[in-house]
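Order as written gives the chain letters A, B, C, D, E, F, G and H; numbering starts at 1 within each chain.
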């Protein structure tokens, strides 16, 4: 079993965080799994496109980069155009509402359109797209064969809380609020996927 | 034909100059000959031992360092002890008066003792040892088979004059005197060897 | 695209196929604009000949400032812009050699070349973009970072007192030294013009915002315009360099002494009096 | 062999199997003697603990000064003595770290480390032996060589104005800066003692004769004692550094500010308050 | 005692180094090695150690030398351009026998090259980049877990042989996050730090010219110099088999062809071997853990039957030469541009070789 | 037109460089390359050129780059420690295609090593010393006369291929005085200087990251980067046979054994061959004039019959590996300590091989 | 000297603007507002909604780090 | 403080002396002269011919770059 997940979008949309959290959640959900997480690096993260990949496997992971993606969550048209081709024929493409589906190469793959960015803004900032994406992904992955019955929303909740507590250490105000909003975003994302 | 000559002594005795002049004189005497000149290099030239080697050949010179010396002129005991062993059995060892001949390894080689340092001081400075050595060497080498009839004192005179004119260029006083004394030293050296 | 700037861009930039690599609100882009305007004004006012420009850059975000321009651009190794520029200036004493370098590039890894270039009075014009840290590599401490500041490599506070580049330059005998700050557009442009017309070594230090790292971590402000305001708060015009809680800005020195290239060429002429040597 | 000095030599030197590599009459040997005497006096007067000495040297004739001594000696690469010394001082803040370096070593290739070491105020004591050129490599121009001087690499005269190391150090905030000259034995020894007792970065520049190259080529005097006299002629005691036709000598600054090692160790302590990390 | 964590390669390296007893870090920021510095800046003081951001890479390696000589295990980390600047210092540490860990997180070169892209282009520079004749130990970790352990091994080797050791990794491994096991204290062996020996009340003498074992300069004596230098070379050469390690897989059925690689590109190689095996091709897998000294004998013994080796690497074809010296048929698969070789690429090349 | 003189190697080098059109020299004094600087300081201004003594070697190579880009053929000369410091700059010149002459007068290493003693220890550093993948041209003159001509050849090659070229000589050759012939003006070919191309009213862009042919940065694009870098590598690799030269002697009677060497040690080798021939042994002689790119084909063709090569060199055995790659039986004769191999030494080793 | 011309339009290049909002914050007469149009960098573009308030100080153009702003004046564009 | 002792001899180490003659030139009472004895470096050694003129200023010892000079005093050598 090898599952490949890619999150892609603009810098500032939390694409990097989503990947890292997913990797941590998988470790929490099933400690026997191997996990590789690889965010994009360098100057490109400062403006323009950003992506982060998570690979999950029950054996040691050799090639650490994605080749055939099982789940791709893409928040921008640019990202979609660039990466949809890498998604497996039986994989899932999740795109933000505003993104146009490809007529050509990717048109016949499975697509879900979710209002990720809009919801994030409703919660208060584009950055919540991160945990929304994550929630949606947890839901989807938790229903795929290898993770079924092992990956639960609860794992995600715990990890997200722990993660923000640790990374925001030292910050004086608003931690509670931030965590709550992220949990809410997580749940919203989870629900979005349910509806599909 | 390959002739190897070594001058050795303390820094300040003109050992380096003697070698360079000899090389130039050989070139003057017989332009068809190959000449390599190699003075000692580095910190050791500033205090303590100094040497300079000249190799003369009628074919291209491969190995450029001395191995079996034809003529060695050595002004100090240290130099003598160190290098007399490198002189060919049919070579010539010239040492300054004050240097003691080796009882052991070198004792059966041909030795000449010349009053080089004393004469130099008489002329006015230890540095004249340089041209005295040179004169003696010209005489000896001009009588060896390969250079016989080709290497003359006159060549040496011309080169020495030219050399000092060039290297002392810019110096304001005493050039005439210096050149005259060096020519005198050259002749004294030449004579010393004649007597032997 | 602004047509004034477009006029000065090399083709892929002018055609919009390439854009600057700077983060949103970075001072580097603003300085690029100032530089173009200074040249543009000089060309109109003084008939400045910009075809004799050679621009040498350091490595760092700021080293990318002149890259879009259609001048001769030499990207030097990190820290070595002044050496490359000296090479250019010596063989082309009539050219105008400008160096763009960051505070890390010029003062940290390149510090030795700075001392000696100033001492020699090489006729190079340096625009030092001081964002008080290393932007390109992601927000590490620089020799200009305030003491105790938190950066990615000083999580417990910067242990080192900062260096005042202008003070150092003045003490070494630099013949033109000024410091301004990005929000002071007019002063920056004027100073660039003076620099370009100066004879001998000149340094213009330009305090510039790096919203992404300096803004967020060192100052604690991330709105670019607010960092610009912050800069105006911590600076004060003076005729003496000082780099403490208040940083002084202004023109600190402007005089002339023989340049390195002049002396070198007089040596060449002197040597040739004694007879040419042509191999 | 002088028994006082012999006492301080490592075995092969003490036994006379090895001798210093300096040319006859070189100031380096004299400075070696001064250094030993300063330590000897300090041991008697202050109970100075010379077992805590680390001596780091540059490459150059002057870098060989402490080699015969039986202390911990680290021969650094050319120009890097201050870096090595900073490493030592940081991990052994209680040790006494002394650097011997030539003017080429410290001011030319090592210039960048000098700036930053002074800025940080690392508690290193530098003895700069200024013979106004490169001795080791055979008499080339140095950043300290007077302008227009003839050296092996400036046959048409030195095109560069010299650097005043003391002035530079003072302007960068060095906490002890003095310049003396080899013939002033007492002042040199006294200054070495002060240096060794100083807290923070200290620089003693010692003008020293190189009879072989500086004497012969730059000054035009080759008798060592006469070069010493010449030095007395061109120097004058003052409280401000200046390096022109007359070179000022004297103690220029002597004060205290927090040292780099102190700040670094306070960071370690602060960091550990938040919990140790032992892998 | 230990525990599992999701960790970036750079953090694993840093934790490995601190585990190994490193207490001094000097470095100058450079992509993609900056994260090593940043984790160090964070963690080292908490371990009682000192982190310095130096004015340049020359200062970094020389400060580390000072710290190592005076008291503590020390390290530096850099990438291409900084690695070039450190070469003089590396040779100096070799000659003065200073234990030191030197990390090169490889990016694309030459010059400023490709700062954010991985490569394996410094493989020969690591071996030959400093002037003068010398031998050096260079290790190449294959993944984040190994990055942790090899960092400790590297430090141990540097102490055992009193010599700098180079850990040569790539942007990929340094920036990849993997789940790894971090051992508890005492679980993994760590050697004590070796500072220069002193004699009686004589301090040490660390001479940068060639010197005898007490530090006395012998550079003007050809015989003693030769002796001094051969000693430094032989202490590595004579222990190749002790120092150098490889990993082999799929050799039980004596394949005639194998894929050999190292570092991150070995991951592509392994994926390719698995694909090939799945498709019924008999292909072996060899991974160099030590690049230098090159483990000739160990390799010869391990691959006895095989006659052909395919060598994918992220440079213009470097280590492949060493396999040529073993007398094997060699297929070089050089890769420039900053991407790992794709397993599919390697797969089809090997298929081509097999048919 | 020309004339004969007794000349020190360093002076021959300097005169060769000026003959070749070098008009800018930047350098930092270092034994045993200082004489090159000193002769330059003397002669270059008289040739209308500029000599600079820089603050260090980093400044030297970068100033030379600036001068070469802006107008004049430029060079630097150094030895081991300085050569290490110049490595970053060498890679930079390669990547930005700046013609440059780089001279390394080899002394003993590593570190400060043996400053006044010759060696051939930088043979691999010259090839691999900078980070990143690249190819470079390295020439090794055998005597003072050749030092003169190869300096010109090196400058010509650097202009032709728009790349730095390294002239790798040794303390011995640089300090030896030999009678040489110095050609008159126009007697020996000299190429014009290549500065970076500009387009229309657009100035040039010399980018230090990987770039396309107009200078635009392509470092983030794996495909374009690979293309850019392969182009730099191929312009040398594809011209090996045009670039690289050897000298062969005593191959007429098809000896099965030959001695191969380069630089000053080839003089010992030749002396040994002569001794062996005198004593009736059939032994060939091969001298590498170009070290890199290694002239594989040329050598294969030249030595066709021979199966064994004895390789004396003044290092721990470096270039000998390249002969191993040719599939020859190889006897390495490494020599450390600062003395040339004695012809007698080589003689007896070859005799051992022959019996 | 700038001729007395009237600013008729202020153009923001949607491809170049990175959304730093320096123009929005620094315009002395608050000519700019953040729109809801997304530019090429994924940010909401500023828009010169109140050109009528423009005093032609030129600061928006001068400060824009990405040469995205062009002040268009009646009587031709003579920036 | 130096005890009032009398200089009885000034030793020049023939193995160490490099013949710089700083001692000869700098001794305020001209105690030294150049002898005709050749030292280990091939130079004529200085000799303290006039110890009776020595004022025990110590400068010869201090200045000697090669620690070749030892002032020997009655009442022991307490340099």
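Going forward, contacts are C-beta pairs under 8 Å (C-beta built on N, C-alpha and C of every residue); 3 or more make two chains touch, one makes a residue touch a chain.
Just so we're clear, the structure is a prediction, and the values are computed from it rather than from any experiment.
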Subject >> For subunit G, the least number of touch steps when starting out from subunit B >> reply: 3
Subject >> Number of steps on the shortest touching-chain route linking subunit A and subunit D >> reply: 2
Subject >> Chain of greatest Cα-centre distance to subunit E >> reply: H
**OP:** List the centre-to-centre spacing of subunit A and subunit G in whole Å, with centres computed as mean CA coordinates.
**Re:** 37
Subject >> Length of the line joining the C-alpha centres of subunit A and subunit B, rounded to whole Å >> reply: 87
Original post:
Per the centroid of Cα atoms for each chain, what is the distance between subunit F and subunit G, given in Å?
Top reply: 58
Subject >> Per-residue overlap in subunit G, given as positions that touch at least 2 other chains >> reply: 18, 41
**OP:** Identify all positions of subunit F at which a residue touches two or more other chains, and write them in rising order.
**Re:** 31, 45, 55-56, 81, 88, 92, 96, 111-112, 115-116, 208-209, 220
Original post:
Which subunit A residues reach two or more other chains?
Top reply: 42-44, 47
Subject >> In the complex with subunit F, residue positions of subunit E that touch it >> reply: 58, 79-81, 83-85, 87-88, 91-92, 94-96, 106, 108-117, 119, 121-122, 124-125, 127-135, 208-210, 219-220, 222-227, 229-230, 233, 315-316, 318, 321, 324-325, 335-339
Subject >> Parts of subunit F lying in touch with subunit B, wherever the complex brings them together >> reply: 4, 6, 31-32, 115-116, 143, 171-172, 175-179, 264, 267-268, 270-271, 274, 340, 342-344
Subject >> Residues on subunit F engaged by subunit D in the complex (per definition of touch) >> reply: 28-31, 34, 37-38, 41-42, 45, 51, 53, 55-57, 81, 111-112
**OP:** Please give the residue numbers of subunit G that touch subunit A in the complex, ascending.
**Re:** 18, 41-42
Subject >> Residue ranges of subunit C touching subunit E (in the complex, touch as defined) >> reply: 59, 75, 77-79, 104, 108-109, 111, 134, 136-138, 140-141, 143, 152-156
